[in-house]
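Chains here go by letter, A, B, C, D and E, matching the order in which they are written, and residues are numbered from 1 within each.
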């Protein structure tokens, strides 16, 4: 563990940059990314390289061992999430640097918020301590709320307020759950919990609190109400960050805790309930997305729907055979990563389209395919992944989930995946239909700067490519997990 | 990675790269785009020729890499796949030439040709797919890349058609996905192997296999326009003529039919499928489609619509051939895959020529078109005769083999279907020919533009005549080496004697 | 019934009451107060259950301090946003909530 | 003629007209092809005259692999076919080289000719069928050439029946091919044997009989004949009546399992149909008002007589050799005579300076020959009768056959009389077309030559029988003439339209169309219905959707915390229950 | 009482019941963390276990917690800049208050200092001290005492950042010998913790004061603001 500088740097660096960006003048804030992004990229890849070479490890902060001190876990899952964050957040940052030029100077507070958000997320990915997770959640959550509020319009403030309330309520529930768990097991370390966890009333109630708290933060249907205004109304790079990464963090925690508590504690019934809620999210989110008239609202509801897929993890991993569970793990993570990439791309390209036509209305996109093919192309590529069509990460994830569902004999999830794909096709193609309709013959649209298009395209292509080369990331993600052996 | 794998990948890459480059080209760079497009098409054709020769000599071409554990991306050239690849790359060349002429001065050409190339890339991918997963991958890619082509005109009607097209194909694709995953669960990576991979499974799984087959047939049948999943096809004919041509002759419907062939021969294995009792119902479905499509075609006045229903009917010949247990029936079905492609693309080219040159879309307005556009009309006549199955056109060869195949398979009733369908084909094609050749034009043609020194633009005429000639030659010279029949025979000999 | 249990139960009660307040009220300030009551409840549970027969556990105390700071920060942020919202819209509750 | 020459001739016979037809596709050559076209039948004629039966050519690249060759029977067929085409071509030089749409006419002519020759020299089924189809469909272009109302109707009827016939033939051939040793490359020669042993024997026979019957004018499949013969240009009519009708006969001869036992029922059916055709056609024919239509019915009637021969062959296989000759002779005789009569109709119509007497003699000879009086007709009919009555165990009822044949001859005589009478009425109305004369002269000369020479050639028939036949032949002719005179004096023709019973069947093609429409209607009707419902429901749905959407959204938003509490309670209680 | 309230009450009751049951049913932990804390106390560099946990054993939590505080200020600053307030009219012109303040302020500062220092061996510490400091700031503000350095943005921000920066810097600097983040060397542990606490106190105090100052004044008229907003939707 000696010499693992890159691990603390993953959160220390963004923290430092966040403070730094607060101290410099607004004009200098965006430029910090030219220092920060390469460093963070190096740190992330260093962590990955060490993971691959030396295997998963525990990082003991302050030199204190687990129950006493706080440990960080550097396993495949954490590193995978870190890399995903680095990629998506870097591109969003590059996008934002150009995008925010047209906004008033107050929007430059985006930068300290971005760094703190990043620090919070990296803290969460690495955390091994459930109370530390709570603090991390707060860092990330408050940064996210701040970002939503950044425009300071009444809509943005209302959305931020709603988001904040949900986040606070969720955090408290989570905290109480943590309190109960601590009271029961005397430890906050996941490793300790994993060994000690036993099915009793306190644990189950704590689990319920933790689940619900995190559900609220993940915006799983029917607790998703805060998400569309927050994600749909924010600045485009903010929407991308929130939809792609932030909601994943709470899901990630839930996933970890679920696996930590183990099959003896996690009830199958609850798993099924989570699956059903996921299914509800897929249907309801898809339906609502299809009904939207505003482009970013549509994309935001699409997030509501896509979250649903992730929650199929619980029924598929609980009480099923090892093979089905492994597939569910692979599939869910593939879905998660693919959605992060695709949704970021979708938001960014939607932002480009909105920039081009100067309106958020989908109906104003008429004929845009002729003039802004590149933005639309990114939108389409990302859409392919969201629809779960090959070749894309979304497809590979869906494939694995289908595989797992069949293998575990839970055929009813097939229907969810089936209809969910069709629903997402319905709303994605709603945009396309409009853009293909022949409208004015003269190009009245604004040409967004190339950076904006390129970043969106890179993300969209990544969402496609990850599906084609899925075995490598999946292999890394399994390192150090219960599914590593398979 | 061997040279052979690279060449195989090159076949796919030619059109992929072409597509990418075209997307990036500015809308105004017409010449560059055309040159690039044609160069890619010719290059692809050369590569395909190379591989065809190799496959003929039993050289293995394979390109694979792992996507996820237990699922590989495999491209492999076998005789069956190369047949389809050959068809698509040949017709791609012609359709590209045609499209360059057809879309002269039209907007959105970058988009069109980009997706056009993508569409061909996915078709080639479907043909070369070495396992179900790869097949599925390109199958869906095909759906996506054809949608922009279908809605290309951007009118309300075409958008609606595109929507219906999506409803059908995405739904079908999802069903197919289920089937593929289910098979994957049962037997692991389902590579295409002559004789199939499923026959060794436990008999208790047979009902499940039947269910999966049904699901996959529905998934594939959507693209192959099996009744009652055909409704998108006649609607999709609002697309520009080259798209219709490609859609009907090569890309979409053929992908469905080819998929069924793969499913029956290389996944289930024809003997196993037969023993499960799957072929009879498939034959019935195909027969119903054949008759239904023909009857519907009778009642259409819109030329392209009639052709579209004719496609519905004709593609099921392929499926019918597949569902006939025995080498001859297989031969008939496979050879029709090529023949129908050649004939139908000719017909659509002609329809496009009429529409583009004379502004005629309806059959009732075609009176005397033969005098004005004799070359196009001769091509149309050849195509139509082929469709009816009049010798010595290619369609006759297919029909003959299908008939014999049906008899060998003991399904004599199929013969009745073939005969009835021939009658109906005649009933809807001959009146068109009559109008073209034997009616006098009462009014002047409303010709908008002068299209060169031939009866129409050379870009339009050349591919039309070329495909018509191919359709004729494929029939007349069926006995020659490397004719469609010859190649199909090669496939059958490898399929039935593994 | 030990004194620890009393603390914990009070905490639970506070949490329940806070939750009810959070649901029942529309006024954002009240909801924030309810949130703080819930927070206090959680902290009480932490503190109360930390005292088992083996003596005092200081870890939860530290956790509670951290929790309080976080709660203060959150409350402050919420107040800032609320006041901005009120200034912008003149409303003390969220739109669509009434 | 042997070796390379023979091979070349076999290919050239159908190849020359085909090649000319293809060359026609080049607009620059088009002008030059018209004048050559009439001579396109010459290679075939030469082949027929000098070719050696038994020689074959293999064209493996063609279709499934093609074989060309001649047999004794096909040689005769090739001879008269080529001759008639040649004569008709000479006659129709005007159509081919100049005049309205002459270019179109020319190409159809060439292709029809190529098909007709091709089917005769084909040895394998595929090539035979291909040529047959080529002939059938190309002939359509010739029939509708005049493009008037009548021609169009004739063309339509012809086409419908032709397509039907093709389909039936295809079915029969497919079924038959299946029964041969090599189903993918069946030879014609193998078919009869295969059919006789095939499990679907009856179906095959039926489809082939009916399929070729369309060409050969079987009752109820004959409608196209009177219409087409009446509407097509005269040389075309001659070729149709002389050559192409025999293609149907040839089809019967080469495919039907003649000479195999166990087909008595089919023989009987064919005989009865033939007799019915012979009489019914005569009855209908004499009521016609157009010379060419009368001739068409005469053809139907005559083909009916030939059918009797074929039927007899099936009933009594032992008679095969005799009947084969008889049928061939009859076909030759009928073809030449009929072609001469047809070409004559055009000649008569033209006002000429040539002595009318010669004309009428020229016209009378084939007419009388058909009636059975001239030597050829005599031999033909006699050989048929002889064949029928040869020493073989034949059914009792056959003893009536001579009588029936005699009665049929009365009909033929009456038809011929009617024809000549009608011709007389039309004579000299139009301007002369000198080329027409050459063709007519050619075919008439050939006919006369044939009439005189045929008895010499048909040595199989004993002269004694022929002499007896003369007496047999005389009374029907006499009776016919008397009847004709009687009719001319006292009877008026019944108003029977050229295609007699067709109107009973006209709805059939329309029915298919309507079926298509009906199917098409169901889809749209359902869709329209749905759309109607949709339109009605859409508004309501939209409002409901809107309300529902708003309601749900509001629910989730307003009561998010309530839902949170609800779910928390549920999950916690579940947890407690499970614990 | 609406159905909503009733159901909310019932649900909260159920939740409370479940929680109560969970609390009652809690098994005693096998892990004895207090023992470990006690055992590690000598190595912590401080004498009070809570401070040891806060700033040594679980110092990472504290680090992030400070980040949370900072975040709140960042958001407040951002909103302030996006939605500028009018020049402040705050403070009561009350001479009594001023007089009391003159007495009180030194006292408050002493209390804060004591709390900070006491933290190492008895309850107290940076947060408590910072809060007291902040109270002083609020009082000053209410008393209308304008302090130039509080309005100096740069200085203010430097002060805000100081605590977290120091914390981070210490955490990273101690890694140089090759130990994990935040591993204080035993001999310097007490000093470093004190240093961190000192800067934290200052930053926390400033943070809380800033949060107070950055909220829009209550007197701002919402109607007017709405009108402004109406112009720029």
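Here, a residue touches a chain if its C-beta (ideal position, glycine included) is under 8 Å from a C-beta of that chain, and two chains touch if they have at least 3 such contacts.
Values in this document were obtained by computation on a predicted structure and should not be read as measured data.
K.L.:
State which chains count as neighbours of chain A and simultaneously of chain E.
P.N.:
Touching chain A as well as chain E, we find C, D.
K.L.:
Most C-beta contact pairs, which chains?
P.N.:
A-E
K.L.:
Going by C-alpha centroids, which chain is farthest from chain D? Tell me that one.
P.N.:
Of all the other chains, the one whose centre lies farthest from chain D is E.
K.L.:
Using the mean of all protein Cα atoms as the middle point, what chain has its own Cα mean nearest that point?
P.N.:
B
K.L.:
Just how far, in Å, is the C-alpha centre of chain D from the one of chain C?
P.N.:
99
K.L.:
Give, as an integer number of Å, the spacing between the C-alpha centres of chain C and chain B.
P.N.:
Computed value for the inter-centroid distance: 67 Å.
K.L.:
Provide the C-alpha centroid distance between chain D and chain E, rounded to the nearest whole angstrom.
P.N.:
Centre separation, chain D to chain E: 105 Å.
K.L.:
For chain B and chain E, let me know how many angstrom lie between their CA-based centres, rounded off.
P.N.:
71
K.L.:
On chain D, where are the residues touching two or more other chains?
P.N.:
Expected reply: 553, 557, 559, 561-562, 565, 568, 572, 576.
K.L.:
Can you list every residue of chain E that touches 2 or more other chains, as numbers and ranges?
P.N.:
4, 8, 11-12, 15, 18-19, 21-23, 26, 29, 32-33, 37, 57-58, 61, 65, 68, 71-72, 75, 79, 83, 229
K.L.:
At least two other chains touched by the same residue of chain A: list those residues.
P.N.:
131, 135, 138, 142, 145-146, 149, 152-154, 162, 165, 169, 176, 180, 182-183, 186, 200-201, 204-205, 208
K.L.:
How do the chains pair up in terms of touching? List each pair.
P.N.:
Touching chain pairs, listed by label, are A-B, A-C, A-D, A-E, B-D, C-D, C-E, D-E.
K.L.:
So in the complex, the part of chain A that touches chain C is made up of which residues?
P.N.:
The contact residues of chain A facing chain C are 131, 134-135, 138, 142, 145-146, 149, 152-154, 157-158, 160-162, 164-165, 168-169, 171-172, 175-176, 179-180, 182-183, 186, 188.
K.L.:
For a test of understanding, state which residues of chain E touch chain C in their complex under the given definition.
P.N.:
4-5, 8-9, 11-13, 15-16, 19-20, 23-24, 26, 28-29, 32-35, 37, 49-50, 52-54, 57-58, 61-62, 65-66, 68-69, 71-72, 75-76, 79, 83, 125, 127, 204, 208, 211, 214-216, 218, 220, 222-223, 225-226, 229
K.L.:
Which residues of chain D touch chain E in the complex?
P.N.:
Of all residues in chain D, those touching chain E are 559, 562, 565-566, 568-569, 572-573, 576.
K.L.:
Can you list the residues on chain D that touch chain A in the complex?
P.N.:
Residue list for chain D touching chain A: 545, 549, 552-553, 555-557, 560-561, 563-564, 567-568, 570-572, 574-576, 578-579.
K.L.:
Could you list, by residue number, the parts of chain B that touch chain D in their complex?
P.N.:
231, 292, 294-300, 328, 378, 385, 388-392, 396-397, 399-401, 403-404, 407-408, 412, 415-416, 418-420, 422-424, 426-428, 430, 434, 437-438, 440, 475-480, 485
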